[in-house]
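Here come two complexes built around chain A, the first alongside chain B, the second alongside chain C.
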Partner chain A sequence: MTVHDMKHAASDSARLEAVGGRLSRVDGPAKITGAAKYAFEQQLDGLTHAVLVGATIAAGKVTAIDTRAAETAPGVLAVLTPDTIMELRGASDWFGNPPALSTYCPLAREVTFSGQHVAAVVAETFEQAVAAAALVKVWYDETPAIVDLSDGKAGDGIAIEAMTKEWGDAQAAFAEAPVRICAAYNTPREFQAAMEPHGLIARWQGDELTIWEPSQWLDGMARTYAEWFGVPFENVRLVSPYIGGGFGSKALALAHSAVAAAAAKMLGRPVKLVLNRPQNFTSYGGRAATRQTVAIGADRDGKIQSIVHRGVNETAVDGMWVEPLGSVTSIMYATPNFSSKQNVVRVNTVVPGAKRAPGENPSAFGIECAIDELAHELGIDPLEMRLINYAEQDPHTKKAWSTRQLREAFAAGAEAFGWAKRSPQPRSMRDGHQLIGWGVAAGTYPVRRAHGEAVVKILADGSVEVESSSIDMGQGTYTILAQTAAETVGVPVSQVSVKLGDSHFARAGVTGGSRLAGVMTGAVYKAAGQALDELVGLALSDPRSPFQALQANTLVVQDGRIASPRGEGPELSIAEFLSAVGRDQIEAKGDTLPVNTTPEQRYKNYTTIAMSIPHTEGDWSRYSWCAHFVEVRVDEDFGTVRVSRVVSALDSGRLYNPKLAESQWKGGIIMGIGQALLEEGIVDRRHGRIVNGNFADYMLPTNADIPDIQTISVGIPDPHSSALGGKGVGELAIVGIAPAIANAVFHATGKRVRDLPITLEKLI
Partner chain B sequence: MRDFAYVRADSVEAARNAAALPGAMLLAGGTTLVDLAKCGVAEPATVIDISHIDGLNAIDVSADRAVFGALAKMSHVADNPQVKSLFPAVSEALWQAASAQLRNMATIGGNLMQRTRCPYFRDPANFPACNKRAPGSGCSAIGGVTRGHAVLGISEACIATYPGDLAVALVAFGAEVDLGERKLKVEDFFLAPGATAEREHDIRPGEVITAIEIPGSAVARRSTYVKVRDRQSYEFAAASAAVGLELEADRRTVHDIRVALGGVATKPWRVRAVEEALKGKPLDEDTVRKASELAMEGAVDHGANHYKIALAPRVIARAILKLGETA
Partner chain C sequence: MNDQVTISPTTLSIHLTINGRDHALEIEPRVTLLDALRDRLHLTGTKKGCDQGQCGACTVHVDGERVLACLTLAAQVEGRSITTVEGLANEDGTLHAVQAAFLEQDAFQCGYCTPGQIMSAVACIREGHAGSDDEIREYMAGNLCRCGAYPNIVAAVRQAAKELSA
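Take a look at the complex of A and B:
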């Protein structure tokens, strides 16, 4: 459990505090000073340390494991292999589908990727466990691996029918179109690369399990642990006070989590297991490598007649991941004819996973580069090209947009960037050795919605507490929930405490898909409203209440004080009032579920993603939107690309806290710069192994790579998307950055690079 | 990391004695040793901590020469005003190396002992074959991921790139490394792999680097270090060049010039062919670019590192022309 007490919040201005105010992140000082204690920094008596042994082949069988030397090494408590680790039960997947197998072994007998866990050593100290793990000797019967999408053995893969989107006759319309472009766009395997590694501390007390683990989804992960060990859900407590970066990777309990929890059960002692940096590149999936072809047929005036799109993403031999590559392709532009299909190809990798805007991100790279190619082919300004083909409704569902401020984003971004001064010809702008290019691209992300709950308490001292098992991984949950509760109840933010990151609090679904703020502000708004109603009801009706004599219909609570709307009669602080009526607290649990929801449905709602609400439910199609304008400088001799300016205009609806939203947008833009220019998991094709699994060789942008970034909010409240009018923030801004940079590089150099990242050898 | 004995040496003499023992390794800033011990490459039996030896961190710079004590920090040397004015390429090479945190820890002597970033060298559990680690076991890099590997000074035994920046400037200006009993040209201190890839330095058991000396010169005074890489900071060079230039009184004819390359060779790589081609020649772009191509004589690529052959001469030319502009 972690509490962020607003009493020290730097602001006393009501304008900053209200929903929509620019309150600074309340968890900031704790993080900056080092006071913030992360999940596996817990100090426990009798803590032991586990270290994993990874497979050194990408495919084959483990034929023997010699543990003798490790077992007799100093401090070693246990060496676990597939034969000696306790048997776990199979757990259902994140949709709640039951497992294919009734048992589960988190250590592999059949190896399907390099680095897969085959054994683990538990010792008194971390150093002893590391030393002993190096003594475990494993023999394999190796078989040929399929290393990546370009492997000759990979084949065409499996068609994913659910991804097919078609209307009109796309092939025929493309064939007849007077202007056609067709190109292939590739993105490599990328990693979330969070600063905080994955890991956990597991402790059993009887049949009760406590797990300290960075988590984007306490309830979902607690369910998995409960199922693995056959204990009731309530017996598992997951604690995740802070998360040092998740980016989609920390929503599931994984094989290493199972190893640690099993070891703790077997030894009867708490076990800490933290993946080392290379293991963070092989123990869970990053973004799958993708291949797309985009064909666009258009009139000579630039009006699109047809889009034909085909996509492929890699998945694992023993796991399925679909990166929806047609997601942006199908909605960004108006077209009378459309076809998108997708395959997945099994390769010997850990199963890929979610990384910021899975699907939309690579999808936008394809369509937003292709539209730029079409604009160049036709000699039309790429911004004008996008306006010519502006989708006035959702081209796929034919539903109206709930809100779509994309035209406004193009206008505001172009104005701030100075787009009108762009010289259209490639290689026409330079500064000494540097070729200058300007590029534009759009991005979008669906408004993913779900039901949520929260507890709001009004305490005897007049302060307000919010409780939720949702989490704050830096996006600002602590802060915006405090703002929501403060505004709803009518107290200063300094009187609100927010408690998050403990699965014993009010339940919460996954923090992913940019849904948390919309879900949780809605739940807190409801719970706080109920608490306020109860407070006012008590004041109007309780015989001991000083307000009872007023015979009023309602009362006003403002700045922590209760009064009648017209100011007649008494005025009391909440604390004075509660004391007068002899109550020590008011507690309300609010949720956004329908009233007749059963307990089973509630459990499913919070521990699976099966009850998410479609973004195209009912009459509306709900998305966030953005337009990115980018300037790059390319050294004409060296081929090095530096981004020198970014202006992005974004429509995330109403912003609950613009300061925090801008930070998330900038974070997405920075991650997009890394994706465009630097990031690539490089596989040794003989061994099927990532060879750059560390922070020196897996390139992430440094501060020196990032220019000033200007973000402009063009959103308006969207009542169809959330209770308070906001749309998604966290994932939106990365979508479209890579194509904007690629388009700018083309404008600078005349070279079209369609394979990310755009490294120097592709330009010299 | 394997358990090791820890010895703190209080004098150079004590360090030499301890360093002569089998399995001994010196610890100064620790930025390479700790890293390599973590990935299982370095497995010292004894770690000799020399970081507390007094008097080894002096920085003494005059027009005649610069002397850096082996324990001087990279950041201190880089920031020294006299180094900046009399040996600018040295300061620039240091500033563009590593990260601020590493430069504050790493020492000048230790910098010379920095080892390659070859991913195969650094992952013994997954790639047992490496002639640097296990002589005769083979080279895992050849046929593998070679984008960062060397094109000059390579052998069938090893194609690992020398990763550093400082030593590139040092070989350009004829610096020497002081090993106590003997002094060696830095250029000779580094060894190309040949058939003995495990020998990277001409240093014997019991020898300790105590200082680096660079003779002052006109070419050192007008010098620069140009480093090219995909990331603006904290990345090893795709190609780099240390260049020093002295012009005739006409301010356009090359009197003396020094050129050395980083990021493309198995050791810091002085390119005398370029120097000789430019001496006495006018400093115009065509001449410089043509001469710079000579640096790649004998270069052999392994596929993904082919771009270095095109890139390196451009880096040399940029560095020379940049110096010429300031004439």
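Take a look at the complex of A and C:
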């Protein structure tokens, strides 16, 4: 290598490491060598193993449990039933609302869904616990269950008034519109299906509880454990260094978590409990099944006059989940008249939960298919249709968009895809026996914001350490926080270590709603800035400082070295300087909360979602945006659909690390391909059981299902959305993929499938 | 006791050769290779995703061929040469070409399916099944990745295959 090349390499590496650089994952080497220890892979002395027994009915009472055979099986330490497990206290919900009941039993006497935990076996080894769990006999008094939304007993459900959004006179305007379409769109129960199952290790030492559990929200889950067991919040430590995928599912402490922690307390030994794969389909909620009707009235030139939207999602018999189905419907297109209302229907299921873009994802399936239907009705190109109705401001709040690069996304995506060459008529493009279809759809996700804190330390050896109880489940938190701290303090990334996933570190709120990167880069930027200020202040003022004689106003820290801005005087490494002034470290804790925040408010901020900042706060309406262009090939004889090409242009504002952001976007697109073509929880109509609760029958996309995917960033820094200008990344790209595919299938076949997934029997 | 009948022992004494090292184990016959690696030998690089042979996260090599450790009993592989992700890099820490390519191409996010993907990729290349992107997709289809790193995995396998044949 020549000297010239080396200089080049050095500047390349600086560009790579800065915020916005394409640095490879700093946690990558640990993950590719097997060195990364995930939460429940910790090795503890005296570890015991718990296995759960699930209900085989969906509704009814447990009348008896015979534990005798299990109790005498080799290695068994305890068999827990509703009668023998210790009583826990009720815990508040994630808004911080107090519990409805003062006590809580994580094993069910009254069964409200199939698979609900009714007993647990704890044994010396995993194999012994599995074998003994099979010996537990449970008797039930079974009552009729409501198996899903299509069950005759399900009814119309409960109106959720808070979901109602209305302006103008939508019904009258729809009735008078010269062109009208109205259709129903359904999405099935879907699952997050992270590759790492849910599970935990619980250990008590006196009244201090340590939980090793994959978690998207350490502080929120620690609060729940503390409340269940009536111990101070500080007594609970949650450890979650790596998370093997969450997608919304790992933010709460759940019934199985309570069983493990209770068993550990009762036995006085650490307990490991990991849900087996089928249990991962019944022990926590996936995406609720949804039904929507979308009616659009328009002028003959395609201008929308009215949108009338009605939605329904399933929820549990004993729990409430609202999947906000009007969230995209109400903001994507300009319309003078609008009405959206939503009901929820109770069925015998575990409480549904958050799966990547809850609300926005099914909402976009409805409106983005409906606008395509309207375009076809009018003979207008579906991309042109979207531009005709482009919302120049938030149609709901009437506020200005903070940034909305959606027009740019349509243009960049269409150009890269070659949309102009699309033949408008359905069934007009083919390759042999394959019908080819091109579809477009838009997506969006709100910029959810919150407050966070971080500790940044400058250590004696000149290295920088970042600490936060936030987490990395693959989004790249370790990497972007290293980049932020390195750039702010002025050291190479190789001198920064980031420590995450321990609730004893500086606190953080939930990692969900694509908010973490914006919150935490802001907190680290602030803490690192404070640490730098202290370092420079010390260098200017400490009597032992070699810089004191300069009488300078400021100093520059770059590449781990301190110098005056114009280069006169000494130049020292941070380590040399700290040694000269006799300091072993500088530590700064920074947070983004207002200065007068009380300790109670801080606790609430980190352990509930009650203090999230609305995305429409103040003068702006803040969203990420995207446009997806999809090509499908449909076998004319067999009805099989293959996605053969995807081009997506996305506006996530400024990207902190484009390499990692592109990976998340592609991941969202791929999960959307699964949603469109493969994924569906199938419920047995007799016992309300998920019959395909495993990876062979609940089909996820495989490598062979996925084509080349091109992503294009069209974002610009958005100062209203975050400290460093980014908007949300992780959830955006799944929004709009399913409708883009459905629209492409219509273009290929002339057949409109409004019921996901689009499987072959719906096409032939 | 009739010497024709042997009562099944509750535990077996076996030796496993893993990453070139010999490990003595006292285990029940029903213990899978996966649980032996993770729970007994603390080699947790090999992941348990489904425990049903459906996801590929537990892929290891037995005598150089890819095998699902969750569907293999530990006692079945005594005397065979087992390689896990921990044994892929050189002793000096130099990454295997496939590992280096995974890092460079960002072929993982959460990292949980990654050891299995890497073990499959090494075998896929060795089997001569990395000749085209379509072939890579097909022969890597037994390893699920929910984060959706598939296009980057294809790029990594393509890159590593090229380097390993050079």
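Definition applied: the second predicted complex is superposed on the first by the 752 of 764 C-alpha atoms of A that agree within 3 Å, B and C clash if a C-alpha of one lies under 4 Å from a C-alpha of the other, contacts with A are read in each partner's own complex, and residues count from 1 in each chain.
The working rule: contacts are C-beta pairs under 8 Å (C-beta built on N, C-alpha and C of every residue); 3 or more make two chains touch, one makes a residue touch a chain.
The structure presented is a predicted model; accordingly, all values stated were derived computationally and were not measured.
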item: Contacts of A:93 with chain B and chain C, given as first, second, both or neither; value: neither
item: First, second, both or neither for A:542, with chain B first and chain C second; value: neither
item: Contacts of A:696 with chain B and chain C, given as first, second, both or neither; value: both
item: Touching partner for A:127 - first (chain B), second (chain C), both, neither; value: both
item: Contacts of A:660 with chain B and chain C, given as first, second, both or neither; value: second
item: Chain B versus chain C as contact partner of A:708, first or second or both or neither; value: second
item: First, second, both or neither for A:35, with chain B first and chain C second; value: second
item: Contacts of A:642 with chain B and chain C, given as first, second, both or neither; value: first
item: Broader residue contact with chain A after superposition on the shared chain, chain B or chain C; value: C
item: First (chain B), second (chain C), both or neither touched by A:755; value: neither
item: Interface residues of chain A shared between complexes with chain B and chain C; value: 127, 131, 696, 701-705
item: Chain A contact footprint on chain B (complex, rising order); value: 1-3, 40, 117, 119-120, 123, 125-127, 143-145, 147, 228-236, 238, 306-307, 310-311, 314-315, 317-318
item: Complex contacts: residues of chain A adjacent to chain C; value: 24-25, 27-38, 41, 43, 74, 125-127, 131, 192-197, 242-245, 247, 274, 276-277, 473-476, 659-660, 662-664, 666-671, 694-696, 700-706, 708-709
item: Partner chain A, residues of chain C touching it in the complex; value: 10, 28, 30-31, 35, 38-39, 42-52, 54-55, 57, 84-86, 88-89, 95, 99, 102-104, 106, 108-115, 118, 136-138, 140-154
item: Contact footprint of chain B on chain A as seen in their complex; value: 54, 56, 114, 127, 130-131, 134, 278, 433, 635, 637-640, 642, 677-678, 682-684, 686-687, 689, 691-692, 696-697, 699, 701-705, 757, 759-761, 764
